[in-house]
Every structure is written in structure tokens, then in C-alpha cells.
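Next up: some structures, all given as C-alpha cells.
You will see chain A twice below: alongside chain B first, and alongside chain C after that.
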Partner chain A sequence: MSRMDIRGVSMRYGKNNALQDVTFSLEGNQIYGLFGPNGAGKTTLLRIMSNQLFPETGQVLLDGESVVENDRALRRIFFVGARNLYPDGRSVGKQFAQIKMFYPTFDLEEAGRLSDAFGLDTKARLGSLSTGYQSIFRIVAALCSNTPVVLYDEPVLGLDVNHRERFYGELLAHYVKRPQTILLSTHLIEEAAGLLENVILLCKGKLVLCKKAQDLMERGYTVTGPQGLVSRYAQGKQIIGSEQLGGMKAVHFLEESPESQLPPGLERSRLTLQSICLYLTKEERGEKE
Partner chain B sequence: MQLSFQEEKPLYLQIAQGLEDGIVSGAFSEETQIPSTTEISVTYRINPATALKGINLLVSQGVLYKKRGLGMFVAKGARQTLLQKRRESFYQSYVKTLIQEAKQLQLSREEIVALLERGLNE
Partner chain C sequence: MNFTLANRYYIRRCFKAFLLFYSAYYLIGLVFGIIGLIVKQFGGNFAIGGGFYIPLLFAFLFGFHAVRSPFELFQANGISRKTQFCSYAWITLLMAAAMGLLATASDYLLSPWTSCQSAFNTFFWMRYDTAGDGISHFMQGPQLGGAVYFFESVLWNFSAFAALLMLGFLAGLLAYRLGTRGKLIALAAIALVPVSWQLILHELDYEKEQRARAAFMNTVAALWGYPDGGEMYRAVLLCLMLFLVAAIISFLLLRRMIVTKRA
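Right, the complex of A and B next:
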């Protein structure tokens, strides 16, 4: 079981702060979701975690060892980038064999089985694959890596709903059989919500939160009703957003332990993980209502 | 109504509820094995920890029990226990909400009773 510690990581591109003093940890053998609006720094963070980029400050540790120029550590982290970094002219099967050379834990037989299941032709050249099948190739490689840590950057990019469902199922089946520490960066929050144990939310290079998904979902709720009643109810509570339509008001909360009884005239509904992430990053994004 | 109410619940409670439904309906009979955490997790695309939390809730209530090395089984008398529990919560989750909504619609006592009769006769 492997854990990762990200300590005070900062990164700048020119004047642009891609990451600012990001600190969090991945506990061993748990599934994490990495969410955030476009430009939040998700890919930069994943590339730093897999030693493809060097942070300006801070460090990334795998089981207490820095990952920088550390082959032993890097053989235990599989990074699935959103872009293909392998030669276009190489065949899928040949590339699996190449991956096996750097990652001894890679399961070639399983790669064959999964390619069949996803309809991926292992004789096809990488450059000839459609966007969807490029993603499938990367997914199959990651599912078969058997490394203690797997970092997925937008794994379902360009995949139809059938292939996405298959991926989530295979991810869980592999995870149950052989637990790994998994970080899944995606914009399809609702689809991934059930898979996760933890949520990491980034916005404009800053860490907004790193929490148990269950806790977050139990805390987020909306109260709707006449404006005056809702405003009175909202006093002293943690508000993450609101909407108004005439005299009706809806306020979104993130509360430790919401009381079970609401004053009469008010209605409560649960917020989805996606809505919670949206509201929590609204202010940071600096968008007007 | 009932369906959207279900969705309001955390996933692990929905799993527990789904298993309870299976026991009450007889799909999972007493002293038989229920699907494993792995099966539930992969079928419903949920984290195995969530599935386990749902199962453990029913274990703590004595509805399920663990056979070492085999898996989870439905306890003897589980169906009766669940029926009793559901009858008790019937008032809280159905009757109270019904009255509340009826009051909001300004239905009289007689009208509510008449509607219940109509439901019983259908």
C-alpha cells in the first residue's frame, strides 16, 4: 500500500500561477477524484506527481521518498496523460510490450483480454486510432499496470457512454482484486461520484478542499421557500450559493450537521457532488451571477 | 414521491435499503448468501467501501451475518424483523408526510379519510 504526500507545491508558467502552495496527501489504496474548472492546474499537478514536470517549490513524496529522478519510485506510479506520448507508428500490442519493460508489474495477458473487451485492435498503429480509442488504449494500459499508484488525467475523454460505463466497472473490478491508490481527474463529476472515497478540488491553482466524498455529500443541501423565511433560516450557516426567483429563494449550504426538522414552509433537497464543486469554485473563478 | 425521497439518501443507505427490499420480497431468503461487496460494487459502480458500509449496517442490526470464509448470509427471522421495523416507520415516513401535504392543500379531516378509503378500495 503506497501513499503520496504533496507538500507546498507551486508552479508558474510566465506570470501565470499554475499551482500555489498545494498540500495534501493520498492515503494508500483509496480512490480519489480530482476536480476543478478548466485551468485549475489539474494536469500540471498530475505531471508534477509523476516527475514529468519539476515544481518551482515544494516536493512530492511516494512513501516518504521524493519522486524526482527516482526510477524506483517512478516504476510504482503509472500516469495516464490526456495526450499520447508514444510514437504514432507503433502498434498497440508493441506499445504494451514497451510499457512492460519499464513497469515489471504490467499484465500483458490482461491487456489482451481488456483490449478485446473494449474492441481495441492490438495490431492497429497508435496514430491511426480515433480520439475515443486513444483514450481506450491509455485506459487499458493503466488498468493493467498493477502499480501501487495510478494517476488518470481525463481518462474518459471522447468515450461514449457504453465505454465509460465499462471503464468504471473494470476500474472497480481491478481495484477490488488488487487495491491501488488511484487519482482520477475528470469533468464528469456525477459519473465518478459513486466510485470515489475522497474528493480533491482545485481552482485557479489553489487547493479548495481534500475531503471524504461521503462527508461532503452529507453536508451539502439546498433550502427553498419564501425569501424572508429562507434568509432567517440561513443566519449563521455556511452558505455556498443562492438563487432567487421572485419572492422564492433557494440557498445552498455546506453544514456539519444539518438539523432534521425544518421550520414549516421550507423544503430541503440534497446537493449533488457536482453542484457542491460548482458552488465552491464560483467565487474563486470570479464569475458574476 | 417515494423515489425522489430515496435519492435523497446517501449511497450506503440506498444499498442497505435495496438489500432490505430483497429480503422483504423474498428475493434473498433466510440462510442464503447475498451478493458480495465486490459484486455490488462492480454492478452499481460504487466504491467497495460504500457497499461494505451498507452491508455492515445490516450486520449491526442483526439482519445479515458473516460466515467466515464464505460471505454474508441473511439471518434467520430477518424478514420478520424488517417487516416490524418498516411497520413502525410507516407512520413516520408516510402518514406524517401525507397529513402535512393534506394540510397544505387545506383538505378537511373528512376529505382525507374519504381519500384513504378510496385508496383502500382501489
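Right, the complex of A and C next:
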């Protein structure tokens, strides 16, 4: 069971603060979702965690060891980025064989099975594949890596809905068979919501929250009704967003213990994880309505 | 450090390149050798030269191409930058030794019946001109032939190839790190600065330009060991220093390098 600690990580690109003092931990053998709007710093964070980038300040530790230029720690992390870093001219099958050379835990047989399942031609050159199939190559590699920590950055880029569903299914099946610490960064929050145990939300380089997904979804709700009633109800509560249409108002809350009883005339509904992330990041960006 | 994994990768890479290059090199040498023999049979004369620089160029280009693709692959597969550097440095020494032996063997095998000779024999033939007839007699007896030539040839070739493999790697790192504008400036500087300097100086003061040119050539020749009848150990020292300097700068460039967007 491997634990990753990200402590006070900051990163700047010129005048732009890509990450600002980000601190959280990935407990062993759990699935985390990493969300945030474009430019939030998700890819930067993942690249720092996998030694592809160096933070200006802060540390990334794997079981207490820094990952920076540490082959022993890096051997236990498999990172799937959105960029293809594998040679275009080699066939998919040979790429898998080469990955096996670097990661002895890599399951070549499983890679063959998954390639068949996804319709990935192992004889094709990587450079000749479409964007979607290049993503499939990378996710098959990650699924078969069997490393203690797997980091996914936009793994389903370019994938159709069938392949996405298959990926989520395989990810869960592999996780059940061989638990790993998984961090999955994606914009398709609702699709991934069913897999996640924990949510990490970034916005403008800052950590907005790091919470259990179930807790978050229990805390988020919407109250809809006549404007006056809703406004009275909303007083003193933690509001994360609101909409108004004519005389009707909908206010979104994120409360530790939501009231079980609502005043008459008001309706409550659950907030989806996607909506919670949307409203929280809107708030961070000062876009409250 | 996952030295072994990185070494395995580089050895596979260099073995393929090695096999391809030397197969083509010796095949072409063989073909020209046969043509030469046939021409001689008919009383003609056939000689080709300049082939000595081809393995040197191969070494530089191998080093140049040992940066981008391995770096990105290593980054994707959890190999640190320092491991990549150490592995490449080690492979450089192995390759330089192998190429040094091959170059020396080529002198012994090809020179009796072709005009092909290694870079070492081309640059330092005068050292083995035991008869004073302007010909390298390196294949003759023990005095400045035989084992001495073999040792000196392997040593010089090793140092030259090591320097070029590392200089190529350094050039590859600079090319990877520089953006398009930086590359254009670097190319322009390499092409234009020496020429411009010479032209400007030529216009300003012809005699000074001639003296400066002579001083430059004499310095290079002295460093190469030429004025003293082919003092090859000086050239070996120069090459080893170039290797060391290129290695240090390469390490400093690589240690914080990040993956850049592909063009």
C-alpha cells in the first residue's frame, strides 16, 4: 500500500502561478479524482508528481521518499499523460515489450487481451494511430503496469462513449483484483463519479478541497422555490451558487449537516459531483451569480 | 539508479545503429576495393579517399540522436535524468572502445589492397614513416609498427570517438532545449560569425588577418601534436578534455530538462 504526500508544492510559469502551495495526501489503495477548470494546474501537478517537472517549492513524497530524480520511487509510479512520449515509428506490440523492460510488473498477456478488447492493432505503428487509439494505447499500458501508484491525465481524450465505458469497467476490475493508488484527472466528472472514493479539486493553482466523494455528494444539495422563501432559507448557510428565473430561485448548498426538514413550498434535490465542482470553482474564480 | 535498464535500452539502440552503419561502411569499402583490384589488373590506377571521416561523423550523429527519443521514453517510463546521463556516458565509452578497435582493424585489413585508412593513420602517418619515404609503415616490424601502432591507434580512436559521441550528445541537448528562434540564432552564429570575422578583419588589416589565421592554425596543429612529428598523445589529451567538458555541460543541461512540445 503506497502513500503519496504532496507538501507545499508551488510552480510558476513566468508571471503565471500554475500551482500555489498545494498540500494533500493520497492514502494507499484508493481512487482519487482530480478535477478543475482548464488552467487549474492539474497537468502541472501530475507532471511534478511523476518527476517530469520540478516544483519551485515543496516536496512530493512516495512512502516518505522524494520522487525527484529517484529511480526507486519512480519505478513504483506509472504516469499516463495526454502527450505521447513513445516513439512513433515502433509498433504497439513492441512498445508494450519495451514498457515491460522498464516495468517488470507489466503484464504483457493482459496487454494483449485488453488490446483485443479495445480493438487496438498491436502490429500498427503508434504514429499511424488516431488520437483515440493513441489514448487507448496509453490507458492499456497503465492498466497493465501493476505499479503501486498510477496517475492518469485525461485518459479518455478522443475516446468514444463505448471505449470510455469499457475503460471505466476495466479500471474498476483491475482495481478490485489488484488495489492501487489511482489518481484520475478528467473533465468528464459525472462519468468518473461512480469510480471515485475521493475528490481533489483545483482552481487557479490552489487546492479548493480534498474530500471523500461520498461525503461531498451528501453535503451538496439544491433548494428550489419562490425567491423570498428560498432567500430566507438560505440565510446563514454555505451557498456555493444560485440561479433565478422569474420569481423562482434555486440555491446550491454545501453543508456539513444538511437540514432534514424543509419549510413548505421548497423542494430539495441532490447536487451532482459535477455541479458541486462547477459551483465551487465558479466561486473561486469570483463568478458567483 | 536503474542503470541496468537504461543501459539495456541504449545498448539495443546502439547495436542496431552499429550493425547498420558498419555493414554499409564495409560493404562499400569492399566494393571499391574490388573495383580497385580490377582496375589495377588492367594497368590502371584507382584510389578513393576521405572515407576516414565517415565513422567520425557517425559518432557525432549517434550522439545527437541519443537525446530526444530516449529522453522522452525515459520520462514516460520512470527513468531519472541522472540515470540517463550516466548510462549514456557508459555506453559512449563502450562504443568508443569498439569503434577504436574496428578502426584499427580496418587499417590492418583494408590498407594492403585499398586506399582506405582510418582517421588516425590519416592524421599521424608521419609517426610511422620509419623509412622517411612519406609512407606509413605501421604494418612493419616492432619499431614504431606492430604493437605500438595497434595500441596508439586504439587509444587515439577511442578518445576521438568518445569526444565526438559526447559532443554530439551535447549538440542534441542544445537542439532539444533551444526553441525555434534559439536554433536559428545558433545556426546563424555558427555559419556567419567565423566567416564575418575573417572578412571584416581581411578588409581592415590584411596582414593582421593573415597572422591571426596562421596563429589559429598553428594553435590547432600544436594541440593536435603536429609540429613535433605527430605527437598523438597530445591529441588524445585534447580529445579526452573535450569529452570531459562536453560531459559536464551535458549533465548540467540534462539534469533539469523537461519534455518540450513536439514540433
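Heads up, the rule we're going with is that the second predicted complex is superposed on the first by the 285 of 289 C-alpha atoms of A that agree within 3 Å, B and C clash if a C-alpha of one lies under 4 Å from a C-alpha of the other, contacts with A are read in each partner's own complex, and residues count from 1 in each chain.
Everything below uses one rule, namely that contacts are C-beta pairs under 8 Å (C-beta built on N, C-alpha and C of every residue); 3 or more make two chains touch, one makes a residue touch a chain.
Remember, predicted model here, so these are calculated numbers, not experimental data.
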Touched partner set for A:Q20, first chain B, second chain C, both or neither: neither
Partner chain in contact with A:Q274 - chain B first, chain C second, else both or neither: neither
Which of chain B and chain C A:F54 touches, first, second, both or neither: second
Touched partner set for A:M217, first chain B, second chain C, both or neither: first
Partner chain(s) touched by A:S242 [first = chain B, second = chain C, both, neither]: neither
Chain B and chain C contact sites that coincide on chain A, given as residue numbers: none
Footprint of chain A on chain C - complex, ascending: 1-2, 5, 8-9, 69, 72-73, 75-83, 255-256, 258-259, 261-262
List of chain A residues in touch with chain B within their complex: 30-31, 165, 168-169, 172-173, 175-177, 194-197, 214, 217-218, 269-270
Contact set on chain A toward chain C in their complex: 50-54, 69-71, 74-75, 77-79, 81, 83, 85-87, 98-99, 101-103
In the complex with chain A, residue positions of chain B that touch it: 7-8, 10-12, 37-38, 41-42, 44-50
